[in-house]
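Take this structure first; my questions come after.
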Amino acid sequence: MENQQAYDRGTTIFSPDGRLYQVEYAREAVGQGAPVVGVRGDDAVVLAAAPDAGSPLVETDSIEKLHRVDDHLAVGTAGHAADARRLVDIARQTAQEERVRYEEPMPADALATALADHVQERTQTGGARPYGTALLVAGTTEYPTLVEVDPSGATREWRASALGDGAPDAQDYLEDAYRAGLSAADAEALARDALDAAAGDDHPTETVTVTASGAAFGER
Amino acid sequence: MENQQAYDRGTTIFSPDGRLYQVEYAREAVGQGAPVVGVRGDDAVVLAAAPDAGSPLVETDSIEKLHRVDDHLAVGTAGHAADARRLVDIARQTAQEERVRYEEPMPADALATALADHVQERTQTGGARPYGTALLVAGTTEYPTLVEVDPSGATREWRASALGDGAPDAQDYLEDAYRAGLSAADAEALARDALDAAAGDDHPTETVTVTASGAAFGER
Amino acid sequence: MENQQAYDRGTTIFSPDGRLYQVEYAREAVGQGAPVVGVRGDDAVVLAAAPDAGSPLVETDSIEKLHRVDDHLAVGTAGHAADARRLVDIARQTAQEERVRYEEPMPADALATALADHVQERTQTGGARPYGTALLVAGTTEYPTLVEVDPSGATREWRASALGDGAPDAQDYLEDAYRAGLSAADAEALARDALDAAAGDDHPTETVTVTASGAAFGER
Amino acid sequence: MENQQAYDRGTTIFSPDGRLYQVEYAREAVGQGAPVVGVRGDDAVVLAAAPDAGSPLVETDSIEKLHRVDDHLAVGTAGHAADARRLVDIARQTAQEERVRYEEPMPADALATALADHVQERTQTGGARPYGTALLVAGTTEYPTLVEVDPSGATREWRASALGDGAPDAQDYLEDAYRAGLSAADAEALARDALDAAAGDDHPTETVTVTASGAAFGER
Amino acid sequence: MENQQAYDRGTTIFSPDGRLYQVEYAREAVGQGAPVVGVRGDDAVVLAAAPDAGSPLVETDSIEKLHRVDDHLAVGTAGHAADARRLVDIARQTAQEERVRYEEPMPADALATALADHVQERTQTGGARPYGTALLVAGTTEYPTLVEVDPSGATREWRASALGDGAPDAQDYLEDAYRAGLSAADAEALARDALDAAAGDDHPTETVTVTASGAAFGER
Amino acid sequence: MENQQAYDRGTTIFSPDGRLYQVEYAREAVGQGAPVVGVRGDDAVVLAAAPDAGSPLVETDSIEKLHRVDDHLAVGTAGHAADARRLVDIARQTAQEERVRYEEPMPADALATALADHVQERTQTGGARPYGTALLVAGTTEYPTLVEVDPSGATREWRASALGDGAPDAQDYLEDAYRAGLSAADAEALARDALDAAAGDDHPTETVTVTASGAAFGER
Amino acid sequence: MENQQAYDRGTTIFSPDGRLYQVEYAREAVGQGAPVVGVRGDDAVVLAAAPDAGSPLVETDSIEKLHRVDDHLAVGTAGHAADARRLVDIARQTAQEERVRYEEPMPADALATALADHVQERTQTGGARPYGTALLVAGTTEYPTLVEVDPSGATREWRASALGDGAPDAQDYLEDAYRAGLSAADAEALARDALDAAAGDDHPTETVTVTASGAAFGER
């Protein structure tokens, strides 16, 4: 414990075993956030999330876990809510600028890389903490794409993935149940089931299905 | 205790369990401030507060808990008084700039997001402490809206909510007594009752009722 | 004691119970300064102070506790003398700029808010300590006004108030003896009596009476 | 252990025995990354890597260990993935700028020096940590070249080299099996065998063969 | 002792009892410097000092304790010699600028306030230590004036005052022996006697007598 | 050991016995680097070095210990390899700029002073560590010159000198064997023998002979 | 010892007894440097120094202790060699600028003050250490002048003075043997004898004699 404390203060630096503790602690913040699941089908990517309102008087719609970024791009977030909003703002601005500059929609992997570059900077430059948020970027331009951005600024492309509280259970479910060639409806059904594996059966569910035609948010 | 101290000094960084202690301590400052309650009705949002003068020689009117931001926007604050005044200044300037730029009044959720972005920055950038204040933003443009901004920079939209000293009791009261379709008068009555649940029966009460026609401050 | 030390160094940050220790220590500096009392009458605000020369060879006139800011504005200070002088400089410059800009005298509450904004910044931005001074701002434009600015940057409007060494005794005296509708002469008498409650009977006394006609300094 | 802690915090400074601990810890991060091997033949340099997907649902193609930088330049990375992406971005931008400025392709050793200069700065200037990534730069302009850049910013030119988890075993294998005058195909075979020495027999393998004609990525 | 250490490092901050330790330590530096005495007469202010050469080979004239600032202004210093020279430089530059701007000589109290503002800044802004020097500013424009500036940036006007090593003894002597209406010659005699009370009988003495006609340095 | 730690962190400051520990630790880094020897003859300066490849697969040519700076200028380095490369870059740029400005080649002592000024800055300004490298600057313009630059930024001109691992043995050898009036060939032979005294008999040797005609690198 | 450590780190701040430890430690560095002696005669100032080569292979001429600054100005240094070179650079640049601006040579005391102002800044501003060097500035314009600048930035004018290793013995010798009215030759003889008192009889000696006609360096 003593040893760990030495690497927590002030800036993000390496521990003797080559770890960045502040990044690992930020991952803890992600693991405590309400879960989000992504599943890639043949023509669509589906995100599903279980917003955690915390009180019956909260407007559940205002607990945004899934965010429209552009016609064909959505982002799901897990972890520190205020950090997530900031990254989603950056995502929207980036996607809009790219569209204007190149006169075509921004691919999901390019958006994920741009966000990850920003996230990485916060782990290397002094005087700031890492983001306590991980993202699932879902997009469909030529083909459907699902990319994770983690608090270290690393990216991974997934067929299906889960983040947040209960994510290991959801991920186990996905590894068992996922198969290639899913329709949009099947992808949504799988995402919902995996979300239940993480959050139990009794929770509000928010979904978005991203196809080449656009991002369609499901009813709760 | 030793362990906690390690995360309190200098900058806002993550603890091993993914928490931001400085933000949690700022929430303590909010929980010790005089209470404020917000209730959303069908055509109006009502804020009620119990200013804490501390001495019979203080001009109670000068202990501002509820602040007019624009014709249709008001903000209630709980926590560190000087921080609150600064955030209200930013709220007024932001609302005015938006009105000039877009030639229409700023919606309450947009104002809450702008304030929350500013609050979040203070939790991520080094060399500054978080704000020790939480806000209830009340506005009525197309429809009445009540949004909370907390010291982490997170936002939540509420049907009814309480902040500050005694807030848990007031929130319990609201969860029991709230029902949809409240008139402005009923919303004010509910807000006053919830405030009493937090602050007892013997305290000055300040209210503001925000409708599409404007923000009307109640007598004390 | 160990615990407290953790929150004293370097910057002004929150303690686990939501306090800002550096601000509280600055209040200690205020509580050790020579006392100042303010009383608001019907047409005038009176400040009274007991300058502490410390040696018979000091020119008592040079121990300024009460400061003329504009024709209709005066400021009394308690605490760290050099910090007080700096805030009085800012007060004079602010009042003059406002008068030039708006072509009318600055109200006392507006001046207090401007000073408090500056004081608050020193409690939130790193690399600087708070001001070790509290102020009583006295002004009479449309009506007499008495506003306190404390080291946190909070403001409160008072009918009568005391700051500095012995302030609790003076405040008790004021709460007993104050009544509405005081003439300027009665307000001065009350201020002098309250000052004696704080500083004893044997001390030099400095007064200023601020009416719509101007700020008149009393003889010592 | 106590002694070591003293040199880990804040900035990269010397220990009494002339070591830079933060740089050595960054090397630990390199040693834990998935392995990469480089072999220089007569007309080609071959890089081989074993991407570590970590889950069957990850798109292995998205775990980039080998990166095309220009027609005749490729980079293999080991260590912190987000740091690696940033250095590869800098590599691509640098190679492109040089090509535009000098109207000829950038040699591999010049690119390695440019990257190493950037990496060295992060070990000398305060307020930032070193890069947790080492690189193998492979290029063929006049002749095939293989250069390592390590987290200290040092460069070494190799006939054959391995980085990352299992690198000592792979390096032993290379020292035994390497001989001069390898064809491109033989170089690739040796690189694959050395990679197996590091990562075992059961892993995906990614290769790139860099000749004067360009960089050809092998199938996995 | 442990407790005190906590407030000594890095920046000038408040202790729990409202003190600024770095300022108090700077006063210690003043108390160890060679003494300086000031006495105000009816038409003149006299400063007297006992320069401490430390070696018979030092040119005593080069140990400046009393400094001409303008025709009618002189400054005596006690404490850290290099800090004193810097403040005297600032005094000369300030007095010259004021004379040019207002076309009349700068009063001693205005100069003292300008210097004190600069000294105060060093006690509030991070990254710098306070000045280890106190000043006696002596001037005669309309009437003779003697003002002290201490390391906190506070000012006090004196009829007669002593600073530096032995100052309490000199001050006691002055309180006994001072009387109103002193001629320039009597003021100098009193200043010399008070200096002897601080420094003993065997020391070089430097004096300056500041009248409306100018500053006349005495022989040693 | 405790005592020493106090002077190692953050910035380069003095220890109670007037030492700069960070500079001494940087000298340790120099003492662990592969050795370099310099010998000045009548018409030439010779540098000899034993590059430490560390593996048979390293291209020894890429382990640069001796660097051409200009036609008549070479630099040998010992210590931290990446720091050395940076200083050599600065040397080349400085020599080129001087040649352009003054239209004549830069003397070796002028180059050494320019480099030493840069090295000294890193020992006095906060937020950076010293260079972990020492240099031997060899040049022949009017006459042959050999100058050492150490990590403190001090310079010394030598007839013959050794740096790096085994330097004390090489220096002893030089003090015994050096004599005035050496030809270029004799200087090289002496440099090689001294290098063997430091590094043993079995090591690659790199030499450069700097005469007025240019810098000639020897075969290994 | 514990207590002292508290004032050594980071910046130059006061200790409870009003001392600046970093400045005192810098004086230790001066006391360990090779000695330098200055003697003022009727028409000349003479500096003498014992350069410490440390090895028979060092070119003693390159160990500069005495430096020509202008025709009539020389500087002797003791302490940290690289810091000394930097201050001498500043001295030369300052003297040249003054000569160009005022079209007459700069007096030695003015140069000493300019250097001392620069040295003082390093003791008051954070983020830098003091200079580990003291200077003897020798100049002859109207009359010969010898001024010391110490690491605190204080200046003293001397008839004769010694700095560096053995300085107390040299100073004792000077206090015994110095007499007024020395010719240039007698001043040099005295300086040489005092240097022997500090450094023994067996050392190289470097001298410079500064008269109105210029600075003449003696043979070694």
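Things to note:
Letters A, B, C, D, E, F and G name the chains as they come in the text, with residue numbers starting at 1 for each one.
Just so we're on the same page, a contact is a pair of C-beta atoms (placed from the backbone, for glycine too) under 8 Å apart; a residue touches a chain by one contact, two chains touch by 3 or more.
Not measured: the values here are computed from a predicted model.
Common neighbours of chain E and chain G, by the contact definition above: there are none. Traced through touching neighbours, the fewest hops from chain B to chain F number 3.
When the CA atoms of chain D are superposed on chain F, the rotation angle comes to 50 degrees, reported as a multiple of 5. One inter-chain figure worth recording: chain D and chain G are separated by 53 Å, centre to centre, where each centre is the mean of the chain's CA atoms. The centroid of the Cα atoms in chain C and the matching centroid in chain D are 66 Å apart. Between chain F and chain G, the centres computed from C-alpha atoms are 29 Å apart.
The set of chain B residues touching two or more other chains comprises 9-10, 126-127. Chain contact topology: the protein chains form a single closed ring, every chain touching exactly two others. The sequence of chains round the contact ring, opened at chain A and continued through chain D, runs A, D, F, G, E, C, B. Residues 1, 4-5, 8-10, 21-22, 25-32, 53, 55-59, 61-63, 80-83, 85-86, 89, 122, 126-132 of chain C are the ones that touch chain E when the two sit in their complex. For chain C in complex with chain B, the touching residues are 3, 6-7, 9-20, 109, 113, 116-117, 119-120, 123-127, 147, 152-161, 171, 174-175, 178.
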